[in-house]
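The following pair of complexes shares a single chain, chain A, combined with chain B in the former and chain C in the latter.
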Partner chain A sequence: MEATFVIDKGVGVVTVTGPLTAAGVDSFREQFGGWWQNASELRNVVMDLGGVEFLDSAGLGALIALLKRVTERGGDLKIARLQKKARMVFEITRAYEVFDILDSVEEAVKACG
Partner chain B sequence: MDQTTRTSDGPGNALPQAETMKGVVLVADDDVAYRTLMSDVLRTGGCDVLEAFDGAQAVQLAKERLPDLMLVDVTMPGLSGYDVCQRLKSDPLTRNVAVMLVTARGDIDDVERGFEVGAFDYVRKPFHGRELMARVRNALALKRKSDELRAWQERMSRELDVGGRLQRRLLATNPFFGPAFEVHMTHLPCLAVGGDLFDAFMLPDGSLCLYMADVAGHGVAPAIVATLLKAVVFQVARAAHVPDPSVICRDIHAEFCHHIQNPELYATLFFAVLDPTATRWTCMACGHPDPIILNTDGTDGSAALSGEGDVPIGFTVRRGGQYQAAGEASSPAVPGSVLFLFTDGLLEARHRVTSEMCGRERLVAAVRQSRSNPYVANHAEHVLEILQKDGFDLSQDDCSALSVELVDPRTVLSDSTLSPDYDAVAEAAARTDRLLCAAGWSEESAGAAQLAIMEYGSNIVRHGRVPPNSRIGLQIRLTGPLCRILFRDRGREWDFAGRFESTREAPIDRESCRGLSILKAVTAQCDFFRRGTENLGWLVIRKDVDQVMARKLAEEPG
Partner chain C sequence: MKAVIYSGTAPSWTRSLGGTPWLLVPLANRPLLDFWMEWCLDLGVSEVRLVLGDSADQIEAYAEEGRRWGLRIGYSFLRDDRPPVSFLKRDPAQWRGGLLFLSGPLFPRRLPERKPGPSADGETYGCALPGGDCLLSRDPAFLDAFIAGERTVEGTRPFRELGIEPAPLASIRAFFDLNLQLAEGEVGRYVTPGYGAGDGSFVGYNVVIPPSARVAAPVVIGNDCRIGALASVGPSAVIGNHVVIDRQTDLRRCVILDGTYVGRGVELRDKIATGRRLIDPDDGAVLDLEDPWLLAEVKRSASFRDVGSGVAGWLLALALLVLQAVPFVLLYGWLRCWGAADYRRRVFHGPNGRVQSLGLVQPSETGRSSAGWRLFFALGLDLFPRLGRVAAGRLWLCGHEPLRAPEDNALRETLPAYYPAVFSYATPRFGESEPAVTAVQARYYAHRRCWREDWRIFGAVLVGRAKSLLGEGDRDA
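Presenting the complex of A and B:
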């Protein structure tokens, strides 16, 4: 699993590629933590999960933890390009009630205002 | 005789029933003269005496020495006799120490107060030595009886508890898995636990042993006999040099008769052995109904395993010649076939409306119906469901069933062991996804299986405390529209089923429940149990789980 971080129109965009599961979740959280600390002016984040073909409860847990960090700063975390298998997990756990899920990164960035 | 001032019968007078004065008595009185006097009387009577000079010391000594009885003066400086009594009664440690209050006072309020704080009896000063001893003797005798009763109650309670747990273990209906077979068991007791008995286990040489037995009668005696029989069967089978059913049955019969010399107690038994290559059944029917064998084409192959058999275990009507090899039956074990054992409660079940008996033919039809349903893995349970749905009353007798499916090796997608880490689990999960897609499963359904493996496997890695040099077993089978996943690990024992049940109302952000909720949602069946030192997780995923989940989502409000 790989993750990159860019800033687009004042919004942090994290692009994740590969499975987001118990097998790689710890390093992902650490990585994000580093970015988030360095980008102290940022409030909002978009998670581009277009490259995440598989997600489990640990992966969802990581997203929830990241959502909490972002909302602590008064911002929001939106999900973009959720794939089939990951969507299944969101539906089972009703995570769609907690996250905004949009079809593209552009839409998600715009929605961050 | 002067009754008011005499305090002793004097030395030299033998006291009646001196042996019943044995016990430890604590005398508490701040007046040294009375204390000494009471102690002397009691010692003469045969008691061991402890002395306390005030209330506080009395309480302390009582906690340390737990006397059988205490004689406590009511008026003492500091803690009064009432206070002492109250403290002792409120402490679980000293609650059962009997306290007799000693006092010069005697109006009804004092007496009442004494009993209210838990005193056992009252002695007035000045006391007659014989009266004191009579009361103490009485108190000690009652204490002894009370202690005996309590000990008996505790023992009975423990034994009933053990008995109850034993009975539950006896009829544990966890499935049993081997590389070449899958065994399911079910039991419907009629009222209380009776004498049905069944089990499956491996022999040291790699043979599979299974049996179904029915102890005659209902109630406690057959239940106890069933417990004994289970131990005997296991012991005898495991100790057999060669796993010949006739020899094993003969030895079981001998052991049974050795322990139980009551001709009214006997048990029908069907004993079957599957050889280590899983290609041949050999069995012995001891007064028990022959099993049903369903061939892969659905035809009834039971005749192949119908042998002469012999009399029930514990029957002593014939002399010699019992349980010979000639009474055995043997037939090839064909992959994909099903062996079905049962007790006569099923055969003799009556239809609620027509009152006709179920009978063997109907039972065969039910097994066939269960077998032909591609969504059924537990035929033992499903056959009982079919009979009940067809209107048969299974509540008049214990009903037990055991089904063995011989695994068709072509159905095994994968059978491997994993090291207990997340990467290995993720790889196995991804591999299963690819295999199922290749077998024509949809992306979502194959993804559901991948998710189930990832969630359960991660749970073992995270919480199972699997020893580092031990591996996790994982078998994936594909039978028609069912993907059957079997996990084995040698980690710690834990209440998986209990935690699973608690996920019902769990909010999304509780990490511990998220994974289990997902498992529940994607599996058609999810069983966790322990055999010996091994944890087993059995997950069944349906090929149409994508549609099942889509329907569920559509039905949800909002």
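Presenting the complex of A and C:
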């Protein structure tokens, strides 16, 4: 699992590639935590999951933890480009009730504005 | 009148259901074969011939001789490269009394209005659908021409006139839709799966539904199910047998197949779940979940037969260990001193899907023909280390020859049941069997397993080993 962090129009965009599972979730949370502390002006985050072909409950837990951190700062976390198998996990766990899920990163960035 | 059902070729969509043969795919908790047998009874069919191919053992284990339907079922095989109709050419005369022929995965869907069966001297009914052909005829001249390849089902009367409309099961979507259509009312046209409450819900035996759970008709629930508190099941849900639905779960427009655990708070809509596998019928996407708290396979408790067999085997193994302990120590020590035998460990597939290493006492090249090894072999002392595994509960006494890992992985995956044991069909001999022979023996035992068969194996091993001492039979030493 690899993650890149950029800022686009004042919105943090986190692009994740590879399976978001228990095996890589700790390092992802650490990377996000470091970046989030440094980017203290950021409020909103878009998670680009177009490269995540699969996530398990640990990955889902990490996303919820991230959402909590973002909302504590008064912002919002949106999910973009959710793939088929990851979407199935979102459906059965009702995670779609917690996250805003959009089709593209541009759409998600715009929604944050 | 006779029926011939060809089940040889497995449609690709059944792979996502774990390789269930299409004749056994569950529709409203009844295997498809059940519906065909039900129609055969309506038509007055007395004899059914199942022409098998892939997963033949599963079909045979379910249908047996057809007693459950009051029919006589026989089995035949046809090579994959032969068309289904070529089976009829083997003995065309026997079909002249009337034939119902099915060559692919179709469902005999009953129309709302029941109609009388075909007349005795009859018309010919047929249909050609994406899944296969279906033909019903009592016309000897037509049947002769059909078998000879001079006629096809084209131009025959539609089954609709008999109140039946064969529906193709050509995709996972068709399978899902048919299940929901049955649950939403059509199931009442057949022998119903469980107790019908009159509101469109059918519930099987031994189902626990707490007062706080909500079951909304139409719904079909199988036998031995548990539904958790505050769970919501239905409308339009088919729940298989041995299914556990945890608390606060929401299941609508879904099919849960046998032996599935649905975790707490999980929501399933427009999905098929089987074990830890989730299937989207829209595009056939398959997701194998790693999290057992979301979806998991329900492990069935051991059957009475397994428990009885295990206890009897354990006691017998203990007795044999006591009897063999002193001879083993003396003879093995002697053989080792003379270099006639040595002890090796090999990796085998154990029970419960685990791999384990087993100790084998093997003769050396020079020791094979020695009197000491012949006596050691005849007394079954080479099995002593394996008997210890039985006493430790890690092997069965009688069953399958333990399959090697990884050489026999493919065979292991195809076996419907696997009971690695000390005594097997291969034990009277020494040395490894041909892979093809091992495969046939393993499949045969998986199908024939019973106490009598276990005793037969045990007796055959004792007699075979004794004969080897006298120089008779196949001792391969």
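Operating definition for what follows: the second predicted complex is superposed on the first by the 113 of 113 C-alpha atoms of A that agree within 3 Å, B and C clash if a C-alpha of one lies under 4 Å from a C-alpha of the other, contacts with A are read in each partner's own complex, and residues count from 1 in each chain.
Quick note on the criterion: a contact is a pair of C-beta atoms (placed from the backbone, for glycine too) under 8 Å apart; a residue touches a chain by one contact, two chains touch by 3 or more.
It should be emphasised that the depicted structure is a prediction, and the values quoted were computed from it without experimental measurement.
In the superposed model, A:Val98 makes contact with chain B only, not with chain C.
In the superposed pair of complexes, A:Glu106 makes contact with neither chain B nor chain C.
Contacts of A:Ile64 after superposition on the shared chain: chain B is touched, whereas chain C is not. By the touch criterion defined above, A:Asp56 lies against chain B and chain C together after alignment on the C-alpha atoms of chain A.
Considering which of chain B and chain C touches more of chain A, the answer is B. When both complexes are overlaid on chain A, the residue A:Ala23 reaches chain B alone and has no touch with chain C. In the superposition on chain A, A:Asp8 makes contact with neither chain B nor chain C.
By the touch criterion stated above, A:Lys84 is placed in contact with chain B and with chain C alike.
Touched by chain B in one complex and by chain C in the other are residues 21-22, 54, 56-57, 84-85, 88-89, 91-94 of chain A. Every residue of chain A that touches chain C in the complex is listed here, in rising order: 21-22, 54, 56-57, 84-85, 88-89, 91-94. Those residues of chain C that touch chain A in the complex are listed here as 265-269, 271, 278, 280, 283, 285, 287, 289-291, 293-295.
The residues of chain A lying in touch with chain B in their complex are 19, 21-23, 54, 56-58, 60-61, 64, 84-85, 88-89, 91-95, 97-98. Contact residues of chain B toward chain A in the complex are 422-423, 425-426, 430, 433, 443-444, 447-448, 450-451, 454-455, 458, 461-462, 508-509, 511, 514-515, 517-518, 521-522, 549, 553.
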